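Next up: the structures, one after another.
Next come two complexes built around subunit A: one with subunit B, the other with subunit C.
Showing the complex of A and B:
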């Protein structure tokens, strides 16, 4: 194993190292409040390594690990997300009497798994990275150890086990047909020109989609989302909704463009159908929710549907337009990270004070805390996709990709769903601004969560006004794609 | 590679035993017997691995599945209250069986209609050394290392969840 390989792996090595350091320091440090601060400072290490690798196009471990702008884009995004979640976790974690170090450590290990998912090109390695992130997340979901949290953890464990088993079965079939587990070799060894000519390859691909579908919370593996999101500690919910989805889409893009790129016309339709079902299902179910976390859970299923449009849009009428789909996916994932983290962080800030996550209890929040109500409204408006928030551009790019790919029906389905989603997002805003407040008691923003809210909502506004900064990165990240 | 008649007969015996015992695991009401049948199923699958010349995998199957996991399962059953209630079915029995039948049909249709890639190489005498070479080769060492972090994360998670809030 050459040293260069280790350098290329340094972001993942260092983030696991930081996890170990935090868990060890937890034994000696009496003031647990220092742990998140140390975590954030030490996260500079993996971030530094990742940024120093920007621009390299190299492979390590016989091509299993690939360091390109695509994987680095996701690594920076994931490290950013975990940093924000650690900042936002402080009040929640302070409630644990024990295991605060383990909480942060597991968050970091889950991130290491997700980072590897975005950067590996071999099925067994991809599977193990996925399990690393899922197992760490299961412990985090059940961390409260009360009835609800334990139930969520158990559901997550069982359902992720089922979806992993299905995915492994699919990988075994692909291995059986092509004789290799490397994505590059699979593309070369695939014996047919259309998936329909080889049933086992087709079924293998469908089963693999099922496994990744669990990670991105798309239909038909969406049923765990509401229960798990509701029962888990809210910072963990925020983390799962954004990070796990981002890495899931990264690995989907990589696997399908690299290994099954020749069959794009076959799977494009599969993703198109999944996109429509996911967004319709998520949006319709969200209308009836009374709990803000459940509402955001169904909304995350809908957003998985919107992003799947980018995977369906592989073809293009204009030259160079083939990249619109992947670019749109990367842009949307980043925009969604800022927006959804922002929404969850405001919910954490409010819920920590008023002790409730029911939408009706947010009544009159515009009087009790004009700032928090305004920021939550901004995030919800961004989730609908209204300018000047970044969510508008994200939807615009994806729908444009669908139109360019001659899939106008997908863009129309997306537009109809956007209209439906406006109904339930606006209802929350209506409750906050128009319903009378039950008490005059102010809801104050405390420093750590305030910083997290500020970071994310600034992003929502900044990239909403100047989307080309982000788009430029998305274009550069997909330039060498599929690598 | 042509499979000998003896291996064929052995395969069919073990395949039938594996399927019958696995069905028993689902259908029996007594979960203790179901757990024992699961051991039988694991052992016959180990036998199938032997007929495929996968001696190392067969040994691992016996050690880990038939050995460790089964003992863990039986311990869990012994420590469970209300174990006499067994393994009751619920109202999802019929839809579950229907889905199972659909999946089975799909898999059979797929497996029969697919041209599988057959290996022309002679089987290795001992697969253990070859597996070790592969596992520590540059290609799979990353997966090996991820597996070690995965086990550590699982262990930390288990400790966190199992250890109650004392004091």
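Showing the complex of A and C:
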């Protein structure tokens, strides 16, 4: 194994190393408050390795690991997300008497799995990294060890097991038909030009979609989302809603553009239909929610639907043209990361103080904490997709990709869904601003979570006004697409 | 002038807004610094606006020609952001910043001690920034965005006293704000539809590009008429034109400086500005021009007639504003952009002065009801003198500014035979000028002449129905200098702004300098038109004098004689009754309310309860495995996969 290969794998190696260090330190350090600080400092290591790799286009371990701008984009995003979540976890984690080190360690392990998912071109590795992240996530979901949390963990375990099994079955079929597990080789070996001509391959592709559909929380693999989101510790929920989704889309883009690129007309329609169903389902169900975490859970299903538009809009990748669809997916994922993390962090900050996650208990929040109410309103407005928040550009970009791909119906469906979603997001704002506060007691923002809130909401507003940097990053990351 | 300096005109008040909002948590609700920040930023913006005007005058094309910047490029879709600085915008930014500056100075005294002092200046800064953004926007999306922001700040300021303790003194403020917001929104629906239509039809939202397409004839016919009418719908709402004028008199529930700045001088003129900015679109459609002219002319006389009988000084001024905005629309409909904007500018000065004068009167009399004023000439010499000057200018008496602007409007009406019924419109406008003379001097006589009739105390006695004893004497006084100074400063342009557009080259400006600057072609002047309108105005003044000073004709007796007409006017043509009583209460509330109730009660309520019920039940069962949910979820996944496969089977 040449040293160069190790260097190419250094982001993943170092983040796993950091996880071990934190777990070990937990044994000796009495002041557990130091753990998150150490974690954040040490996360500079994988981030540094990742950034140092920017610009390289290489493969390692016989093509299993790929280092390209696409994978680095996702690694930077994932490390950023986990850093923010660690900062935001501090107050929640302080409620566990034991295993704080494991909590942070598991977050990092899950991230390592997701990073690897974004950086491979090989089905077995995709499966293994998926399992690494899922198993860590299950433990995190159940971390409170109370009824709710355990119930969520168990559900997550069983359902992810089901979807993994289906996906593995699908991979086996693809392997059987093509004789290879490498995405590049699959594209060469695929025997037919249309999926309908080869039922085995079709079955394999649909089963693989099931596995990732579970990760990105898209219809019909979304049933677990509300229960698990509600029961899990809120920082973990925030992490799952953003990081899992991002890595899931990274793999979807890779697998479908690279291995099944020839069948794009088949799966383009599939993703288009899934997109419409996911966003409609998520948005309609969200209208009836009384719990803010459940509301955000259904909202995340709807957003999976919006992002799927980018996958469906594959035809916008005309020869010599720009890959609007993949660009839009990357842009949207980042915008969504800032926005949704921001929303969850504000919810954490409020819920930690008032001890409730019911929307009605947020009544009069504008009086009790004008800052938090204002920032939550900003995030919700961004989730609707209204300027000057970053969510506006993200939606615009994806809808435009659909139009460019001659899928105007998809853009219209997205626009109608955006209008529907405004209803429940605005209802939260209405409760915060117009309902009378039950008490005059102020809700104060404490430093650690305040920092996390500041990081994310600044991004929402900054990239809302100046989306160029982010967009440029996304365009570069997809420049070699499908690489 | 570098482009950045022009941006600052808009950014400075915005910065002031951000700064005040940011500092709010650290200062008290009555922190005086908020006023200082606002005044300093608007003063700087005013200085830059003057520079921009000078640069525009010095420029041959009267346009500094800034190019819009690409904000975001998504393949063929390019979103641009930019500002224009042409003659129209330059004049508007000077008026907006200038009047705003004086109003803010006046407000520091008028709002002193108010619990919402800091909030007030935050809103005022936001309004000023939005209004400047509106007049400087180079494309329809940004124009619309600022258009709505202006509406939002107007809503916030009308309802400024609609919350908490202040609401007890101003019970109608909340409703007035809502009315303003909803009524103007009706017009905005048309405007928004027009923007969408413009993009569909032309593929661009840059105003200059749309103009070029219309000028080249690439976009013509009925499509242009619809576009123009949609835009005009927005203008009708914002500028209080018939039939959407009902919100403006009610908007006087807000603080008086707000009325002066927003509901007299600037925002309500935004509709006129909008038509002027998009004038090539209107010009391309005779139908649209006729509509604009008739709505404008009709509103001019319609609103003036209601001003004849109102006893509330601010409402008289509000009707007068609607009427004058009608004049501007009339001029636009006749194709006279220059006179319309000239009248807009001059009107901004004298109407802001009149409103601030009314606020000054209120400062001493504590009422806006003119039946309880009177005799204020001696205690308030400055207020009286400045309001007299402004009132005379409003009537259009030679040689004040209003004379020149109103006559340029009337002259345009008299010569233009392009549209149907131009002749009739001219005479309507002349009649409205006569009514103006009457209501202005009725207001001045009732306020300043005769004996003092007791102010707020007398009003309270009259309302309670107690025996009208002699009112307790209170020392009547002139307002503090900081309120009077802006009045005096505004009196200067009211007196002399006409010099900017004289028919002769007297001061080296050139004849018709201002209208020429605005439109590029020179107007003409007609002595006969000026004589006719002056005679009409004078007649109005004489009638008012004979009724309210000489007592030759008693207003109450006249009211008795013309009872049907008087009742009609006092009840504002029953339009408010029609809108509120019939349309809102019966149609909207009955139908919509019932629908909403059914949906809310039958559907949402049950669903929410149902969900909550399920949630509770889930909570009761400790282990989820037992209730079969996970199996259900697993089954759902399987069904989903089968459905996808079936989909491929059928359509694949």
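A few notes on this one:
Just so it is clear, the second predicted complex is superposed on the first by the 477 of 483 C-alpha atoms of A that agree within 3 Å, B and C clash if a C-alpha of one lies under 4 Å from a C-alpha of the other, contacts with A are read in each partner's own complex, and residues count from 1 in each chain.
Keep this in mind: contacts are C-beta pairs under 8 Å (C-beta built on N, C-alpha and C of every residue); 3 or more make two chains touch, one makes a residue touch a chain.
It should be emphasised that the depicted structure is a prediction, and the values quoted were computed from it without experimental measurement.
Once the two complexes are laid over each other on the shared chain, residue contacts for A:162 go to subunit C alone; subunit B is not touched.
When the two structures are aligned on the shared chain, A:345 is found in touch with neither subunit B nor subunit C. Looking at the shared chain after the overlay, A:116 reaches subunit B, while subunit C stays out of its contact range. Residue contacts after overlaying the shared chain place A:203 against subunit B and subunit C alike. Looking at the shared chain after the overlay, A:154 reaches subunit C, while subunit B stays out of its contact range.
In the superposed pair of complexes, A:61 makes contact with subunit B only, with no contact to subunit C.
Contact with neither subunit B nor subunit C is seen for A:425 once the two complexes are overlaid on the shared chain.
With both structures placed on the common chain, the touch criterion links A:396 to subunit C but leaves subunit B unconnected. Contacts of A:289 after superposition: subunit C is touched, whereas subunit B is not reached. Once both structures are placed on chain A, subunit A residues 202-203 are touched by subunit B and, in the other complex, by subunit C. By the touch rule above, subunit A contacts subunit C in their complex via residues 147, 151, 154-155, 158-159, 162-163, 166, 194-196, 202-203, 206-207, 209-210, 214, 219-221, 223-224, 227, 266, 269-270, 273, 287-291, 321-322, 324, 370-371, 387, 393, 396-397, 400, 404, 467-468, 471.
Within the complex formed with subunit B, the subunit A residues making contact are 1, 5, 9, 16, 23, 61-65, 97-99, 102, 105-106, 109-110, 112-113, 116, 120, 122, 124-125, 128-129, 131-132, 135-136, 138-139, 142-143, 145, 153, 176-179, 182, 191, 198-203.
Listed in rising order, the residues of subunit C touching subunit A in the complex are 25, 72, 74-77, 145, 604, 607-608, 611-612, 615, 622-625, 629-630, 632-634, 636-637, 639-641, 643-645, 647-648, 651-652.
For subunit B in complex with subunit A, the residues that touch the partner chain are 106-107, 109-111, 113-117, 119, 137-143, 146-147, 149-150, 152-154, 156-161, 163-165, 167.
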